[in-house]
């Protein structure tokens, strides 16, 4: 579904992403992991059209989308969430999600219904009337997910959706994401919370200092000494290999 | 009937009845309130809903006023036909300024200032060119017949202003209910998030400004037909821009009734200072006194009550 | 087209006027650089200072140049207090909000002036007002030359103050890195108020230098505000070199505009420059970030 090859992006003199490639098959959940500052969010931003890559190709559903503006990429079916949440502060959760729903739905009450359904899906039904600004971090993360989901995506780019959640919330969201995949949405996620990665991901890519240093199943990755050194640490690697 | 609907019906009835029972002076005041609410709604659309603060909104107002007046005087058009032409001109100017400014990536304060510069540029042009009669201004020949968009009895301007105000309220209501409005608000709140959700931010902003331009231009024509005289300062002056901004900011930007509330407040203050002036002879010059109060209100409202007066009336239920 | 002599005179006169505009722009750019406030009240405050110069002259016969220390001091105090009481208290959040607040301040000042002073234009008469200096084909009014020199001097003084004095260094520190300055113990709020005061003091100085050759009326604020913003945007927000270059350039554009396009249409030069800069290079000639 998504083929990314040789993406390179520099800001000033700094190479944030260096010849990164990955691919995602339809129906998969693929994780993108790596240390902080590795360039993961930058890569997402490039995929979603917020930055132009200096080099490389991005092919989504057979269509070359590199260079398209973000709103067209979203309309094509690839939707991102933001690591630093960006709620629409002065409107309600319902209205927030409706903005996403309005991508493919014209009618207000239909959009409203969809928003409420999506909210229920991610467990936000109780918060529909709260203002975006009044949500907790966990709430904002869920809102990011809900809004993106409401657009009817085919590929979701989730950027650290688990950050700041407690273990119970993590388990809940993992279930939600599983259900989303089951409903036919492919997922590429950036995550630091290993519990989530191991529960969800079929495969993973490891990005370090802008370069892909490994890819494969979680067991394969955990056996990769470079990955263990750069990111996982021996303890976590042991757990992942098990 | 819900409480709001009942209130609105009563207000509407009162508004209809007013000219039949009140002295002519109050009818004029009423007309002014509805007129201000109408042109304020123009600012509300681009500045309140879409969040693009404009300091030079008079550029649209003046475009409308001059377009219909020139078509009338120089080309002999019927003013009722010139009116939609003026609205179109306003929309085009809105489109033009929006495309230029937003293509260049202007936002926030820079956008506010460039609209000021455009208004000023138009003012200078109107002041210098012969087809706008330069500094002399343009005089419409008084011939009060309805066919001429002139009315002998001011009551008709009152009702027309009321109708325009209601139309503008309906437009604002539509915005709060529909996809366009939801997108404008998304753009206002967070452009990147809006983009990520499939909104063509640039296109939406251009739409907002074009719509605002058309409405303000319509107000310009109304003004010209009511007072039968326009000049560059009246049409494109900073005072007009500030008035449109104030009325909405004070009443509540981004709300349906904000401009109307603001118009009521501002007109009320105007009348109060006028009364004061008649009692206290020292205050000969009333106009600046009102504006001082407006300025203080703007400062207080932006500083303390950013949602304007509408906040005082607003309940959580925003889905009418 | 135009006689080269007239053009030459136009350019020189423009430079002379521009020299005083530099002072106005320096105040605005200082306020932006330190407080990140776009001070929409700048024009109105200049108008107020010009009235101060006028009334000092009317009531005591004081020469506008002699009034410099008084008006500069008074303007500084007024700016400092205005910041402490109004602007500083209410300026947070989106920068359009701060712009709106300074708009509110300018509305109040403009109309207080209108209420108290009435709508008439006022001018000052000085004994040397009709003295001219010949430079080639150009006849340059003496007061304009004095004002230009005075402005240059004051800019140098201000520059030295900012570069050498402790307060000046503190101001530059706050402009560059607000949090860091706080952390090393600088009273940032006081610096804000001081900087705003200095910005307005520049207006006080400019008022003294303008009154010998200009007039004042309550609506002068509007005209000056656009000129000031155009200069600062042209030169780059927060850049002193930009304010200096921009001031001179705008002075010349204004002068040549009037010569080439006539009294009325000539004014469009300023708006046109402003629009073009914003559309083509919003960071200005020397500007860093937007």
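Going in written order, the chains are labelled A, B and C, and every chain counts its residues from 1.
Here, a residue touches a chain if its C-beta (ideal position, glycine included) is under 8 Å from a C-beta of that chain, and two chains touch if they have at least 3 such contacts.
On a predicted model such as this, the values are computed, not experimentally measured, just so you know.
The interface with the largest number of contacting C-beta pairs joins chains B-C. Compared with subunit C, the chain whose C-alpha mean position is the greatest distance off is A.
Centre-to-centre separation between subunit A and subunit B, using Cα means, comes to 44 Å.
A straight line joining the Cα centres of subunit A and subunit C is 50 Å long. Taking each chain's centre as the average of its CA atoms, subunit B and subunit C sit 32 Å apart. Looking at subunit C, no residue sits in touch with two or more other chains. Contact residues of subunit C toward subunit B in the complex are 38, 86, 89-91, 93-97, 99-101, 103-108, 110-112, 114-115, 118, 222, 226, 229-230, 233, 261-262, 264-265, 267-268, 271-272, 274-275, 278-280, 282, 290.
Interface residues of subunit B facing subunit A in the complex, by the touch rule stated above, are 177-179, 182-183, 185-186, 189-190, 192-201, 316, 318.
Against subunit C, the residues of subunit B that register as touching in their complex are 53, 55, 100-101, 104-106, 108-110, 112-114, 116-118, 120-121, 124-125, 127-128, 134-135, 238, 242, 245, 249, 283, 285, 287-289, 291-292, 294-299, 302-304, 306.
Residues of subunit A touching subunit B in their complex: 48-50, 69-71, 74-75, 79-82, 86-92, 95, 98-100, 102-103, 106, 108, 111, 129, 132, 147-148, 151.
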